[in-house]
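Labels A, B, C, D, E, F, G and H are assigned to the chains in the order they are written; within every chain, residues are numbered from 1.
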Amino acid sequence: MGKSFSQPAALSTTHTHYCPGCTHGIVHRLVAEAIDDLGIREKTVGIAPVGCAVLAYNYFNCDFQEAAHGRAPAMATGIKRVRPDLMVFTYQGDGDLASIGMGEIIHAANRGEKFTTIFINNAIYGMTGGQMAPTTMPGQRATTAPMGRDTAETGMPIRMANLLGELVTPGYITRQAVLKPQQVNKAKKAIRQAFQYQLENRCFSFVEVVSTCPTNWGMTPVDALKWAEDTLLPYYELGDYKVPE
Amino acid sequence: MQTEIKFAGFGGQGILLSAKLLAYAAMKQGSFVAWIPSYGPEMRGGTAYCTVVISDRLIGSPIIKNPTHLVAMNRPSLEKFEQDVKPGGIIFINSSLIPVQSQRTDVTQLVVPVNDIAIEAGSVRAANIVALSAFAAKSKLVDLALLKECVKEEFAAKPKIIPLNMDAFDRG
Amino acid sequence: MAFQHIIDDERCKGCGLCVNFCPKNVLEITDKVNAKGHFPVHQARPEDCIKCSICCIMCPDVAITIVETQDA
Amino acid sequence: MAKVLMKGNEAIGEAAIRAGCKNYFAYPITPQSEVAEYLSKRLPEEGGVFLQGESEVAVGYMIFGAAGAGERVMTTSSSPGISLMSEALSYITAAQCPAVFVNIMRGGPGLGGILPSQGDYFQAVKGGGHGDYHLLVMAPDGVQEAVEMTMQAFTLAEKYRNPVMILGDGLIGQMMEPVEFPDDLKTEPTNKDDWATNGMAHRKSKKRNLVKSLFLDPAALNNNNLVLKAKYEQMKKEEVQYELYNADTDYQVLITSYGTMSRVCRTAIDLLKEQGIEVAMLRPKTLFPFPEKQVFDAAGKDSCKAVISIEMSMGQMVEDVERCVKGRRPVEFYGECGGEIPSPEKIIEIIKGLL
Amino acid sequence: MAKVLMKGNEAIGEAAIRAGCKNYFAYPITPQSEVAEYLSKRLPEEGGVFLQGESEVAVGYMIFGAAGAGERVMTTSSSPGISLMSEALSYITAAQCPAVFVNIMRGGPGLGGILPSQGDYFQAVKGGGHGDYHLLVMAPDGVQEAVEMTMQAFTLAEKYRNPVMILGDGLIGQMMEPVEFPDDLKTEPTNKDDWATNGMAHRKSKKRNLVKSLFLDPAALNNNNLVLKAKYEQMKKEEVQYELYNADTDYQVLITSYGTMSRVCRTAIDLLKEQGIEVAMLRPKTLFPFPEKQVFDAAGKDSCKAVISIEMSMGQMVEDVERCVKGRRPVEFYGECGGEIPSPEKIIEIIKGLL
Amino acid sequence: MGKSFSQPAALSTTHTHYCPGCTHGIVHRLVAEAIDDLGIREKTVGIAPVGCAVLAYNYFNCDFQEAAHGRAPAMATGIKRVRPDLMVFTYQGDGDLASIGMGEIIHAANRGEKFTTIFINNAIYGMTGGQMAPTTMPGQRATTAPMGRDTAETGMPIRMANLLGELVTPGYITRQAVLKPQQVNKAKKAIRQAFQYQLENRCFSFVEVVSTCPTNWGMTPVDALKWAEDTLLPYYELGDYKVPE
Amino acid sequence: MAFQHIIDDERCKGCGLCVNFCPKNVLEITDKVNAKGHFPVHQARPEDCIKCSICCIMCPDVAITIVETQDA
Amino acid sequence: MQTEIKFAGFGGQGILLSAKLLAYAAMKQGSFVAWIPSYGPEMRGGTAYCTVVISDRLIGSPIIKNPTHLVAMNRPSLEKFEQDVKPGGIIFINSSLIPVQSQRTDVTQLVVPVNDIAIEAGSVRAANIVALSAFAAKSKLVDLALLKECVKEEFAAKPKIIPLNMDAFDRG
């Protein structure tokens, strides 16, 4: 039952700065594989967020722009509108997309901008040192919620895929995870599908990926996967929230 | 009269803490002190370092290229900083992780296997305290008893590990 | 046709995800540090490896590859 | 091409199209919404891109994206909207992307009012955003000049890979004047293959392009700042534009004024001349780069007793004037900034007060 | 009260509490996130309000709302975050609300870097937002001064009903130094009944209060600007703070420098003195109001050959220095702004180059 | 069947600047009546938006703050957090709330801020002269959509009440209209209820009111009511989208 | 008890909403301009008015009020 | 030599348009022109006004306190602006809406019932055109034939109403 496995061409060989066991790396690979599969590397422009993935432009083998915190969807809109022939994707964390970037992602999705967003939901701010994110779970500790998130003070975690699914404009909105091999394979299909819709100029496409941040969760990478499985997945249900007719 | 001590090692070796404790003790002795961490890119993995400045008057530039002393907890940091140390200074070498010594002849080398000692004391995590006390004893920058007090204070929150650190301190 | 299972010591960050998911318990973390200060994984029981590529799939750092070899 | 009678706002929109800019993103705000309204009709005719963004913050980054992809692009707004673009302006300049921003100033600070003002000089010239950067800032004094500067702006933005700002005010946006669109101001876009994210497939070299402003290494960041600084030094050498009015006389007072305000000063100078009083004006047409040497020289003329900066503000450009006059002459200031534009009579009274 | 060893960021947070400020809204950003982290623990203990806003734009208006309601409130951020507050700063100033903003500067422009910088001088001092307004800007040179200025900031903000900005840099935020919290810097909040929206029921007079910045009538808007201007003139008279170092000597060069950079200059001056070279420094502690007259006077000393502004920027404060020196002496500049702070040795080399 | 009717005390006698037949005036009165009913005028702080209602502070008899465009919910958060004893409401148009202010309203609602938002949905930008709003209907003409809104370019109208209803944090989210007397009476109850929940410190409360803009729709006030009834209501369904347990 | 139906000519902007909703067709727009240049409404058939207050409810400008009067 | 004409009336009386047409004709005659609207608060209801400047050289200040002529389409505007008119100027009075005349003796008053004339012509909405032509005829600022052309051009989009306006023009 052997199968070969090698580094995708759309991924550079640079070693990433991500912490050991951080799933950012897995998702990077899945995106690169989708780009390879569709043979679109030379017409793809990626947009790096401000977050741990800010250096994503070092890890992909295609044109890249680096956005300001939260504004990647607006930049993608700018690029895609003036160059509809390019393939554009944003890669954003949950502080970036769900906190400061809420307005930009909702409006881009609602206008039906023809780009793809990969949304890494790790329930925390990684790069800046573990502050609370809109996606942080009730009771989960963060450096700005030392006693754990108090929902009476800061409300319940925001489920972006559900929220975007509520918009009337057609789009592809799905939530995936990379906590175990089967999920990784499904996530890969979803990401490929998202780019496929863009290639067909069909609609806005959005793949939320439930991920881990072992460092700021203060867990081993393996424990982080388990915690995410047990704590995040029941609240962040996997599946498609919208598919274009 | 101003003294600068650079602490360097892996992230996670408790360097910032030992440096802070030294600065804290010096402050209690009435000196002007400043604790300057390295933050930013170089932090992610690799070598972390931090400088303590102790002076008898208002401290000017907190930017120290050539420290008086160096406490090197791992090999990369020794190699990276040994040349910067001012002649006559002390270079502290954690021989548990640094098989070599400095080539320099114009400085005093203090070689201590702090990890091993810490392990004897009960946990490798106390290595930084061992190093601190050993260095302090040698450099005479601060009164040891006072320094020990500071260490106790620091761990007041986690009483269990106080004895460990006290022990580590004495072994240092 | 045959496959070869290769681990890149320098890419590996020793996170252990592959070890955790390998169905055949092939992999183990070594105790020798690499240049970046990580303890890379190695094939402790290579003979058990069925080249299912699950480790590759879970590796965040593309440190494991499986290449097809001519000789069986 | 024959003259047409146009509102400043519409003329600016048309000028962009004539200059070869087919991409416009903006958010409505008085007194410049007519630019968007005009282009929402015209651009589709031209096969161009018109999009009303959800906010000025978003628009700033739509401009960044489009410019980074190598296309000519423009936005227009007014004072509060420009404040919301501060971060984007800093980013776009740091990433060295060419783009054109138009600020049709209204009264501030805060929500202020919607009438003409010149209260955003500091913001435009010293940089409203963080970090060491400058916009190339041009200040038209009427509809025709607004058209010409808008057209030049794209060429300059690309020459320097730096955003250019047209700093007008509500009067210039709302007023109608006859305009011509000089064909010779339309230039071919520069080749952006060596830096823009216009798609590797499009380029001979298959190396990828990055549009970014993060430089974690201090040396690299300092170097990026030196690159920017070098561009600003070059602008100071090559791009200074200004107009001297009645300066060949033995003027007793030198007025510095720009935009709408300078037109009122011009009339005041004519009226004073009739009364036998000679006053000159130096009108910066580029606010950055500022005509530093020219102000120094003009102030130094023997007959000149004083310099006065007259603005629709509480005193902003006057600081640059003071800086350049270097103490040669006393530097005075007069300004109002509620939206009521000071009348020639008022200016005359002020000038006489200096004699 | 005994000295404690604290990080600048944490000390600033504690200082706010000691000054009687129990309300803090902010959004995380390196190198100042420790302020929020510290206050997220401390404020609940004090029965105060800690809230992480969704963005700096939102935080700016949370501050506006809280200040308008008459409560002491503070936020902290770093360069890009401050750019996003530009509009709010303009509004808050126009509506005359007191509030304290702390900018722990990092390298720019754009995303830049996270190391110390002084690239936001223009933004802080000339006003990053639109319209005619100023912040009262204080620049500490260490942790103790950061504490004292933060404590004074609330009093000054209320005295003038104008936002006060503490302009620090990453080093001051990250460094630990011994600090004391002078009790005498804690003041009682002023009575805000005659303007704040603190609820009519709370007030003797039952007339309602409005916190606003819209003035559709040009005369009213101009008047609001005159009110603000009058406050800035008063600040120039009453609030200028600065330090002269080694100025009682026959110095050959006058350095102007502030914040972290000034500490390096201080060491350079000491070392030069040992070499028999006298150099003085004028360190503005308030950047607005700027010590205009003091710079003019210090530059004029007979022994002084030149003035040099030394900054962790590409040249910003130097423009104010030039303006104030009025051509009395040549004004030079040296700066770096990647995050690497120039060493005393480098400064000495630069100074010697002037002799 | 006679009943008396008089001007509410929370409303000032100032004549409004609103165009003839503009329903802003009706909603102003309903808010004022709710304030009177609950007797909270002296501890109420209103927040005016930037839009036609920017001068609302001239029409109510209570403390008022004037926000920047779209930021009223952030200001309300600031006031309510530092002075929980005050009653705070924002009054916002659809450009203000649904376009530039999207991030602020979603996060305030999601944190469960204890203030009340009155949202005037008139499907257009009024004050600035009839530009397209996120709520503009497909095909509806606007000065920035001269051919009518093209959903292929700008997507479908955003239904704020539906969107906010999707958030997990408890709240009171309802959509009302003031196009006929019965609706006005229901809207009045809803607004009173919204303030009631705030008074009980229960939750965030949000009342969307489907309104008219005769001037920018280019219709007589009466025709505007009919057009809204026929065109807006089928898409913007009236009713409660969330009620706190 | 009785009620009086009062229209404030100066507040009225002549939008006609009340006219449209009056169940008794009591109201009509006048042709005399008020200070603001609007043509206010008036009770054309006051005798038909049942004081149901529907006009008040729909009036955006609180131009119509109904007050209780002592005398029947 | 520079002439300034202020047009004033209710919003909706077509003032901006008549002013624009005058400016347009003057431009075609080769003069420098500027059309300055009043925008902002005062627009909302009440009196709208607009100024046309016609000059033989570059126009300086577009801010006109004292116009050469005034075209008053309703009473408030006459009352508001009559005193500003320069001596020797023309004050045009729309007697259909303005029962009174100006007290000033140092100006020429041109009194025309433009609404009534327009109604005869077919629609009161053409009143602004009537006023324009009548004023133009009197003031001789621009060639009438040319002006008429401009009016035709302006309405090119809506051909039906051209005859109406042409008729209105001639009656003016």
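What we mean here is this: a residue touches a chain if its C-beta (ideal position, glycine included) is under 8 Å from a C-beta of that chain, and two chains touch if they have at least 3 such contacts.
Just so it is clear, the model here is predicted, and its values are computed rather than measured.
Listed by label, the chains touching chain A and chain G alike are F.
Per-pair tallies of C-beta contacts place D-E first.
Here the CA centre of chain D is 29 Å from the CA centre of chain E.
Work out the mean CA point of chain D and of chain G, and you get 54 Å between them. One inter-chain figure worth recording: chain G and chain H are separated by 38 Å, centre to centre, where each centre is the mean of the chain's CA atoms. The centroid of the Cα atoms in chain A and the matching centroid in chain H are 62 Å apart.
Across the assembly, chain A contributes residues 54, 66, 68, 99-100, 102-103, 107, 134, 153-154 that each touch 2 or more other chains.
Residues of chain B in contact with two or more other chains: 40-41, 45. Each of the following residues of chain E touches two or more other chains: 30, 51, 54-55, 57, 80, 87, 91, 95, 110-111, 113-115, 212-214, 216-217, 339. The touching residues of chain A, counted against chain F in their complex, run 99-103, 106-107, 110-112, 134, 151-159, 162-163, 166-169.
Residues 1-7, 11, 15-16, 18-26, 29, 180-181, 184-185, 214, 220-222, 225 of chain F touch chain G in their complex.
Those residues of chain E whose C-beta lies close enough to touch chain B in the complex are 3, 5, 30-31, 113-115, 170-171, 174-178, 260, 263-264, 266-268, 270, 339, 341, 343-345.
Partner chain A is touched in their complex by these residues of chain D: 23, 25, 49, 51, 53-55, 57-69, 71, 73, 87-88, 91, 95, 197-201, 206, 208-214.
On the chain B side of its complex with chain E, the touching residues are 20, 23-24, 27, 32-37, 39-41, 59-63, 65.
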